[in-house]
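Common to both upcoming complexes is chain A, partnered first by chain B, then by chain C.
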Partner chain A sequence: MKWFISHDTLRSLFQETLEKDCGEKVSHCYQCGKCSAGCPISFQMDYLPNQIMRMVQLGMEDQVLSSRTIWLCASCLTCTVRCPREIDIAEIMDYLRRRAYKKQVIPLEETEIPLFNKIFLRNIELFGRLYEMGLIGMFNLLSGEFFKDFSCAPKMFLKRKIGIFPHRAKNIREIRDIFKRSGKLAHSKKDRLLHPKLLFLNLFRKFIGKIEKLK
Partner chain B sequence: MKIGVFVCHCGTNIAATVDVERVSQEAAKEPRVKFSTTYRYMCSDPGQNLIKEAVKKHHLDRIVIASCSPSLHEKTFRKCAEKAGVNPYLMEMANIREHCSWVHQDRVEATAKAIELIRLALAKVSRNKPLEYLYIPIEKKVLIIGGGIAGIQSAIDIAFANYPAVILEREPSIGGRMARFDKTFPTLDCAACILTPKMVTVSQSKHVTMHTYSEIEGVKGHVGDFTVTIRKKARSVDINKCTGCGACYNKCPVRVPSEFDMGLGKRTAIYIPFPQAVPNVPVIDRQNCLWFTKQKCGICKKICPFEAIDYDMQDEIIEEKFGAIIVASGFTQFNHAVYGEYGYGKYKDAITGLHFERMANSSGPTGGKIIRPSDGKEARDVVFIQCVGSRDEQKGLSYCSRLCCMYTAKHALLLKEHNKDAQAYVFYIDIRAAGKNYEEFVKKVQDEYGAVYLRGRVSRIFEKSGKLIVRGADTLSGAQIEIKADLVVLATGLVAQPDAPGLARMLHIPYDRNNLFTEAHPKLAPVETITSGVFLTGACQSPKDIPDTVATASAASVKALGLMVQDRLQREPLVAKVDAKTCSGCFACIQACSFTAIEEEEIEDKRLKKKRLIAKVLEGVCTGCGNCTAVCRMSAIDLEGFSNRQIMEEIEAL
Partner chain C sequence: MRYAYFPGCSLHSTAKEYDLSTKAVAGTLGIELIEIPEWICCGATPAHITMHLLSLALPVKNLLLAKKMDSYEVATCCAACFNRLKVANHFMENDSVHRDKVNEIIGEQYSGEVKVRHFLDILINVFWLKNLSERIIKRLDNLKVACYYGCLLTRPGEVTQFDDVEEPHLMDDLMKILGVEPVDWPYKTECCGASFSLTKTDIVLKLSGDILQMAYDEGAQAIVVACPLCQSNLDLRQAMINKKFKKNFDMPILYFTQLVGLALGIDPLKLGLNKHIVNPLKLIKSVGVL
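Up next, the complex of A and B:
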């Protein structure tokens, strides 16, 4: 890592906004590194969780929001449980994902993760429970990998792990009500699964990848 | 001569490796040995009773105890011998534990060695002479060098025990560094509010005498009897007549930078350093006073209603006797002139922690406003740089100054309290907040006062359009950082006073390569020195914060009082002795003695029928190190208890 941090970056209100919005004190972090030490996904991350905390402290918003780390975080909460300064790191990661989504600064390689999250939530909103077939189908369709994990389908079907028809929750109205209210709170654009530009780029990238494979 | 040998098992410490029974039997065969036995723990009460009974029963007159190191139980067995009716110096110890059983595995060889060690002890004890304890008188007065918080606390403790104490202070007022501070970490008590009551206690105590504006000229003598020469610098104001009304310094026309305010404020030529000064008597700075420089003015003398001003006052040199000396000479700030990259002297807005302390003080030169000294504007972005001088082997000190982390955190907090819009940036290498509530304090400053802590040293400071550009790095994120600062505060380290080595030589106490005074033992004798009767307190020994300083001050006072309460001082008679007949008066011994325990003495030589000079050992000072006996070409000096004959006898027994 080689960065240059200007006075304006240091004075930016990134940390203050984060602390106000998600209620977690990033300023408490003293860089012991326990979060990174226990993180099961750190080997794939571009910045370790403790580095993300430090970057937030220094006001480096652009670098943080465009990092892969926040999308790779599996929210396993190992870091949160072990943090000696009582910072909910997973919660902060979640906040950073929301912020990055809002600002549409998601790195190209990681567009699938917010897409998956979105489809998953939509699924719940529609049926009250997870409809596996719908999720898989929708995800494969929108991510551009139409036959991903297709070979597993018959086996799972026979073992009744997935079904053709969705199960519906009993009080679907109440669940929808939850979505309605929380949607209002989050000001999310419900009708859009992902920013069309990104969706297009994603499909385009996959397509190019396929062509290159054929070559 | 009837010698008794007592072999100790020390549980299994000795008995496991050494065949103690055989050792005892072999020892009994030695000439002059009348009695020999073993016991599990010779140092225990039954063990000591065994010795006493054996002495009585067999009429023993010398004792050899084969056990542990004399450094552990020599005193125990000397007392035991004394109680048994044998002169305590007719007892010898053979160390068959540290020197034998602990360092060997082979039982046969270890046993043979133990027997050999006992034979040596037997040879030595046969040449021992009965010695009597030495007693030296004690002057019941304590000198305290330095009137800072360490000296003040020592004086209070000694005065509380109703013993007289004398504070010697170089500055016109006592109070030292602490008087300059604004707040104290981590509780944020106002420094003056907790210090001035102590200063007043000292000034009102009938047991404490203060020599302010005075310097130490020389020290002679030894524990219980130090003769100290003190130079009382000419104050030009009669301390007995002055009431501290302040008429003189209110009218003085001269304005010079105030040393107390680190040059940030002005004072007059006749001045008191700060309003709560003790004694509240002004002093004339002769370098700047118009009367002394140009023979003009003289307003203060005209205006003084008590005729206390005396321009003709001369330095006064007095001699006083003391029984003990407490050194509380304190510290000074590291001179950061070596750091050209931090703009020393070039940029007015790069100041030290002590400057900041004066600025933050509401009675200071800026009335508690944190300003830029260059243009007087309030500082908004303030960069603090820690470890200036400390932990820098190339340009500064090898050690950590211990306080800078804490006082910088305090400054960052004070900055925010004085100016809500201000932002503190702290460059640090490590945060060393090891003290009660210290870590919590630093965390509070970071969490609640929003100080930005950046891990890294600053590389350079330069000026650009009225701001100081600070180039640093944050090694936690791996980034280079640039801050446009209004003010830069350097947390300079603590160093010994420049004249500390001179004082150390005067007192015959050692000092280390950083000119800090060396304690007798870093763990078990932290306030003593190897010169008995001289004690250390405060930052002259190592950088210390106020709680540690006060603790060592009380510790040193207790040590000094321990001497004061004794009628006379008992000392071991293991000292050097001069044979007047053979001493040729070459005085090589005087040079060899590190304790100045030897002086010249004139005697009437009956053979030569004339007076001549020979060496004389001051028994009160001699520590029995043996340096003099080694250099004496006439073998005229001998060490009692370790005489040349005893040592030779031991060697021959080998």
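Up next, the complex of A and C:
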């Protein structure tokens, strides 16, 4: 049986909310596939970018928010500059990730990227500028990959490319205020920056993975 | 020519040589770059993925710091910072809803009056290539490079207003002036995996490996970049790429400022050419510059 997607099926509440919140007209997408053709990460995604657009049109919110695709998108903007319907697909990916954070949907497969983003932001909130050592150390610790990129470290130190101590910002108060007020205005609580549930899940999965390898 | 200079986090750590060479070139040409005091991180990709307002507020804070220096033009070298600053400006200029919210967060009034320029753009469109060509002491003939722009420098076109989004040519033009031959290759704006360097290293290795291979196949002896993230993915990760895909690339990844500096007769050490993981000095000697 052929199933035709009609004009009615394509008017989901999810699509309406998205269009209202981020101003991008997903309904304009006519599934040409140009976004997916140029996407450098498509080989790793579970749904291609154009499929995500269709899923939004059809209102498949749960599947979209728990997909790997939204986290794997590298924000390279290739799709955005190419879309013949002038849809900013990268912005939609951003919106979907922010929505996933807000709804606390934790993707089952891609836990590193959401974790990394939060550690990165926390780092800026603490130091004002990126403190690489802190970022790498914290990420390795919390993602359970303790010795990742260990081989690169000596080279970086020798070339004096990475500092041991963080920069001390004089205006750190102001910076923290910016973080606080941005969170308030966006109705996202600051303590969600590092969610224990996410951390636990991450470490647990790494642990299981290691045990399976040993077997 | 006087600019408020926004180096960004990378140029103070992993991309020190970009910072050094930019300052050296600017100094030689008489372009004044004054670092914005107490500048803060622009938030990069994690901010716009996580909190939209924060991703605008952080760059705006920096633009306001520049404004307080009485400087209405900011110069930056990092393609990612450039992109974030430009996007924030675009919102502050054209979107009153976001402008009001961001002004509330910062506690000051701003509506996009500080202009942002990439150093490449300053060299080409403010200093002018013709003036630059008159200052060249050593032409870098016999060198063949692939100009790699990466994804964020030119996109989105209406925001960055920088170069052609699909077929950029500013860096190629600059190289020709120096005597360097840019190869015609299809991966100018391909993505290197940028922000996934730590989280999804496998993806970065695959994407960066493809870029190296393409440059090599087109006969390039080095890749020239304008972004610290591209540089570190291609340079620092090159050994891992070689190991994983059983290749033996030995491709130096240079910043455009370093080549300009060499042509202006600046000492290679002042350009940070000793700071690369894949040593470029061999290649530079072989083309007879040193």
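By definition in this document, the second predicted complex is superposed on the first by the 193 of 215 C-alpha atoms of A that agree within 3 Å, B and C clash if a C-alpha of one lies under 4 Å from a C-alpha of the other, contacts with A are read in each partner's own complex, and residues count from 1 in each chain.
Everything below uses one rule, namely that contacts are C-beta pairs under 8 Å (C-beta built on N, C-alpha and C of every residue); 3 or more make two chains touch, one makes a residue touch a chain.
What you see is a predicted model, and the numbers here were worked out from it, not measured in a lab.
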Contacts of A:Cys32 with chain B and chain C, given as first, second, both or neither: neither
First (chain B), second (chain C), both or neither touched by A:Leu58: first
Partner chain in contact with A:Phe4 - chain B first, chain C second, else both or neither: first
Comparison of chain B and chain C by chain A residues contacted: C
Partner chain in contact with A:Leu141 - chain B first, chain C second, else both or neither: neither
Chain B versus chain C as contact partner of A:Ser75, first or second or both or neither: second
For the chain A and chain C complex, residues of the former touching the latter: 40-41, 43-44, 72, 74-78, 80-81, 88, 94, 97-98, 101, 112-113, 116-118, 120-121, 124, 128-130, 132, 135-136, 139, 148-149, 152, 155-156, 159-163, 167, 169-171, 174-175, 177-179, 181-183, 185-186, 188
In the complex with chain A, residue positions of chain C that touch it: 9-10, 12-16, 38-41, 43-54, 57-58, 61, 101, 104-107, 151-152, 155-157, 165-166, 189-191, 193-196, 198-201, 203, 206-207, 236, 274-277
Residue numbers on chain B that touch chain A, as the complex places them: 381, 423, 425, 443, 446-447, 450, 452, 454-455, 474, 476-484
Chain A to chain B touching residues, read off their complex: 1-7, 10-11, 25, 27-28, 30-31, 51, 54-55, 57-58, 60
